[in-house]
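Across the two complexes that follow, chain A remains constant while its partner is chain B and subsequently chain C.
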Partner chain A sequence: MNRRRVLNLSLLGALLLVALALPYIGATSFVISLTSTILIAGILASSVNFLAGQGGMVSLGHAGIAAASAYGVGWASRQGMDTGVQVLIALGVTLVVSFIYGLLSMRTTGIYFLMVTLAVGMLVYGLAFRLSSVTNGENGISGIARPEWMGTYWTFYYVVLASFVLVTAALWVMGRSPFGASLTGLRDSESRMRSLGYSVPAYKLGAFMISGLVAGFAGLLAVWHTGFVSPSSAGVDRSTHLIVMVILGGIGTLLGPLIGASVVVLVENVLSSYVDRWPTVLGLIFIFVILFARAGIAGSVGKWIARARRRADHRPPGGRGSPVSEAVSDSNHSEEMNRKDLP
Partner chain B sequence: MFEPIFLAQQALNGVSFGALLFLLASGLTLVFGLMRIVNMAHGAFYVLGGYVGVVVATLSGNLLLAGIAAVLVVSLTALIVEFGLLRFVRGQELPEVLLTIGVSFVIADLCLAIFGGDPQNLPVTVKIPGALVIGELTYPWYRIFVIGVALVIGVALVLVQSKTRIGAVVRAGVDDREMITAMGVNIKWVFTGMFVVGAGLAAVAGTIGAGMQSILPGVQNEVLLYALVVIIIGGLGSIPGAAVGSLLIGLIDAFAKAWIPELAYFTIFLPMALVLVFRPTGLFGRAA
Partner chain C sequence: MKSTTKSTRWTAVAGLAVAAVFTLAACAPPGAEPEAAPTDTTAEGNLKVGFISPTTGNFAVAGQEMVDGWNLYWDINGNEVNGVTIETIVEDDAGNPETSLTKAHKLVEQDNVDVIVGPLIANTALAVAEYTASVGIPNLHPVAASDDLTQRNANDLTVRTGSMGGSQANYPGGQWAATEGDYKTAVTLCADYAFGWESCAGFKQGFESEGGEVVQQIWFPNTTTDFSTYVSQIQAADADLVYVATAGGAPGPNFLNAYLGLGLDMDNLLLNCCASDQGTLRTMGDQIEGLKSVSYWAEGRDSEVVTEFVDAYKEFSGGKVPGAYVAGGYITASLVASVLEESGLVTGEDLVSAITEYTFEDSIFGKVSWDDYNNTVGPVYIREVQKLDDGNLYNVPIATIEDVDQWLGKDPEDALAQPTYSQTFQG
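Moving on to the complex of A and B:
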């Protein structure tokens, strides 16, 4: 357990060092910009991962929250408001939208939760598409400038990197707080938590607000990154891509969202220039992961390492509660969740 | 805006769109009722059925033939999906849904590759020509035909469900899977059959719907949303619920698009939100 933690931490440190050094080791502005895209997608996927991994609530509408926040910035910038006001408006829009999402979904579980969030996400898409007086309809809003002090691509990259680290750390702490433990309790048995006196809807609403806030923050960064927001950023495709990222990377794992985001963004932005049928490739990868590697990349690697170490130590396979099974228990979250039957 | 002719026209638009929605949603709700799967590939099945229908109708000039071809192609696809993929995750709620999302990606993208990105419609020659004329009101026969098809299929579904042995097996499967298995019914094949039938209904909706609105990339998500809203309002697994929900959403959508086009999506969402808050199981749904 201890050795594993050291390994994990040194891996994280190395990753962070590489990320910090990236602009200095000859990465082109394209690579930096692509990395920014990955990190922003990683933040958004983390918000989905928090709900799904911690609370067992799989949302299919998070792109809508991010897009609502981005539209807030876009609308404010079209009115000629300055950056501070833009950020405040984005925050306000995010809170309101997340509250609506949470209010409508807090009494549902499993598939119903998924459908409600999907429907609310489509509503945001519909409004973005039709309410052209605010959103400029199908054309979207372009030419949204980010604050001057992060004007160059590499300062913005550092802002995004710092944001990612902060958000990931905050969600990690949140997951291990009493609140996070209560959410895990909800995930595993709602009826048990209810009989213990917890207000289940209130906890779900709270979790959704936290997740929504992170998603809205990602939306803000995204609109600063591209300077552009259009209805497609709220679409179902985007929301499903987020789920793909989370499952691909490993649901309930710390770095899973980033790994998943890297794969999806690279397929979408790099592979797409070589292969026309990249959505098919993405779909097939996704199907493959669900059928054969349910724990995702991060989870599966964790399992392999544990298995390899078990073999090396010539220890008998660990049962429940042994150090080994404890070490991989993180990656088993998704399976536990999947085993849960309908209400 | 409130002239009787206009109101009648919009009401008919609403009912005919509702009829199309019913064809779409009934398959989704039947599959959910029995298998507890929300088939996210349902919209992709609709689009695939629409494309095949348009191609065959253009080649043969026969709508019936187009419908049959669409049902065959989509049913075969659904059979492969059920047999080759879904069976491996049977009973696991989330992986089942996610798998159908992956399938939807693949089908929609392959449709784009095969049929191109241009909007496709049924050729005018295969549609029922002319319009119904009552005084000043004229209304195309084709849309009335769509209402007729939905009525026939709806009544047939209810009759099959309540009067036949197959229907009895399906109802028993909904209520108690283990018991029906113990009585010697292979529930696996009942599931497969139901999934294929649901996809077939989506194909019918796609072919007929291609005469009302264009089939193009992205439509799979839109129709899936409408179908989900309908079955959430009606109650998951209920055919009468799907009928009432479709009619309601069809009418609301038609009038909203005419009166307040800027809020068109919002208006179909509002009744769903109300139903979720006051009756989470839907109008005709049972507590799971």
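Moving on to the complex of A and C:
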């Protein structure tokens, strides 16, 4: 166990080092800005992952929260307000929108939660589309400048990278806190938590506010990255993409959202230059993961390594965590998913 | 208990490491950061074109047509003009602004293109135009119809080459209806988003400037499939003329089916470009012969260049008559070719000024020139669906309004000072 943690941590360190060195080792500005796109998508997917992995609440409306925050920045910049005020407005809009999402969804579970978040997401989309005096309608708001000190593509990249590390670390800590444990309890059995005296809706609302805050932050970074926001960033297909990212990477894993985001963003932006039918490729990858790697890329790789090591160790069969018991015992599976230190 | 302290220790170590790494990063700014090398690297006699279009997703048909139109011109005429070879790289954006922007970055920073053509959808076009202007690359728009592209968001490097603004193309339609058409009142039915608002605003202002009166404006969501309730509302409005604007695709035929299905009179209809494009004509067939519409593109116009283009596209597509999207791609290519013929290899702002100072006398749209905001000034046609000798349905012009600009009879300053068009503001 300890050896594994060391391995994981050194892997994380190596990844971070590569990410830090990227602008120095001859990556073009396009590669850097694509990496920023991936990291921002990773942050947004992390917010979905936190709710889904920790609390078992799969949201189909998170693109709406990010877009609301982006529109906050866009609107403020159109009014000529300075950066500080823009950020404050983005924060305010994010909190209000997340609160509405949370309030409407806190008494629901499973498919109903999915439907409520989908509906609120569509509401945000509809507002962005129709409320053209504020949002400029379908044309969107363009020419939103990011603060001058992060003007160049590589300083902005470092800001995004730092944000990603901080958000990931914060969500990890949150997951390990008593609050996170209560959320996991909610995920596994709501009625048990209720009978233990927990206020289920309050915990759900709290989780949603945290997740929403992260999503709003991602929206802020996204609008600083592209300088542009339009209704399509609130669309349901964007929210679905986030779910795809989380499932591809592995629900409840630490770096799953980043891995999923890399796959989706790279297929969408790089593979599409070479393959006409790239949406088919994305679909096939998704189907493959669902069929053969249910725990997602990060989750399954961890599992396969563990399995290979067990086989190498010639452990007697039937022990805890052997393939047999793993296939049978569901709780074991969920514990595996729960182990946050998987890369 | 022991494992808890251990994990706390690890957290602390990890935290320290992250902090240290960031301090380092903050201290050391990257030494060599190659700013996107602009167009100097282009070889003499080679114009590299990045073409962004949604060739997958919801807008794939229109996006592919736009690319086809562009390629068709070079297929017919060869991709070498005046010693300049045209090289095109096509990128798919799926109609998504973020992807569009990433593709534009890729084309400019990695492929070092000299000019970007496209994309198609209004929001993608506005996003890309903003970026290309910031890096000094010209951006030509074959189809995008958003007014703001050449108004509030206009810049020196963005040119609308193959279409007109939404309000611009419909303003003369309103004027024609009130004068020659002799309609006194009208009811409008437009798609409920920017393009529909602009189209309706153009028609309404044109109609009312000539003494007509718009008695009611009805809006439909883009996803509408059953138009019967809207047709009832139109009946109830009891106006002389019904003006309908869609953004192309299924709503056109769906509306016509509902309208004709209730036995209403087609003579009272005036459609916009896209409600009566070739897709609608092919779907509806002979029953809509005589249907009138207003557009900058008329495939049935009797002109040598149009015939040449239509014949070539029919051969290319297996008998289909080209609609406005193909025409937009084609005219953009022929414009680039004409400019290169006249001025040799020009890039950057020189390419833009060569285009905007050019008067395209015999384009497939007719005589087209460009205004100070890089928007097309050209003819708008009142068209009627007719069956021509080859058995296909064509939009044939029955009236032509020359030199239509985008200001709807206003001063540019006044026009720019008004809010953008919406349901509530129609000018």
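Criterion: the second predicted complex is superposed on the first by the 316 of 343 C-alpha atoms of A that agree within 3 Å, B and C clash if a C-alpha of one lies under 4 Å from a C-alpha of the other, contacts with A are read in each partner's own complex, and residues count from 1 in each chain.
The definition used in the following text is that a contact is a pair of C-beta atoms (placed from the backbone, for glycine too) under 8 Å apart; a residue touches a chain by one contact, two chains touch by 3 or more.
In this text the structure is predicted, and so the values were computed from the model without any measurement.
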- Item | Clash-or-fit label for the pair chain B, chain C on chain A | clash
- Query: Touching A:Ala162, do we find chain B (first), chain C (second), both, or neither?
  - Reply: second
- Touching A:Ser29 in the superposition: chain B (first), chain C (second), both, neither? second
- Query: Is A:Glu268 in contact with chain B, with chain C, with both, or with neither (first, second, both, neither)?
  - Reply: second
- Query: Just chain B (first), just chain C (second), both, or neither: which does A:Ile243 touch?
  - Reply: first
- Looking at the overlay, does A:Ile287 come into contact with chain B only (first), chain C only (second), both, or neither? first
- Item | Contacts of A:Thr226 with chain B and chain C, given as first, second, both or neither | second
- Looking at the overlay, what does A:Met115 touch: chain B (first), chain C (second), both, or neither? first
- Message: For A:Asp82, using the defined touch cut-off, is the partner it touches chain B, chain C, both, or neither? Pick first, second, both or neither.
- Response: neither
- Task: Answer with first, second, both or neither: which of chain B and chain C does A:Asp276 touch in the superposed model?
- Result: both
- Query: Can you list the residues of chain A that meet both chain B and chain C?
  - Reply: 129-130, 132-133, 276-277, 279
- Task: Within their complex, state which residues of chain A touch chain B.
- Result: 58, 104, 107-108, 110-112, 114-116, 118-120, 122-123, 125-127, 129-133, 235-237, 240, 243-244, 247, 276-277, 279-280, 282-284, 286-287, 290-291, 294, 337-343
- Write out the stretch or stretches of chain A touching chain C in their complex. 2, 5, 9, 12-13, 16-17, 20, 23-24, 28-30, 33-34, 37, 129-130, 132-133, 136-140, 142-143, 152-154, 158, 162, 165, 169, 173, 176, 222, 226-228, 230-233, 268-269, 272-273, 276-279
- Item | Footprint of chain A on chain C - complex, ascending | 6-7, 10-11, 13-15, 17-18, 21-22, 24-26, 30-31, 33-36, 55-57, 91-92, 94-99, 101-103, 105-106, 109-110, 122-123, 126-127, 130-131, 146, 148, 153, 192-195, 197, 419-420, 422-423
- Query: Mind pulling up the chain B residues that touch chain A in the complex?
  - Reply: 36, 38, 85, 88-89, 92-95, 97-99, 101-106, 108-110, 113, 221, 224-225, 228-229, 232, 261-266, 269, 272-273, 276-277, 280, 288
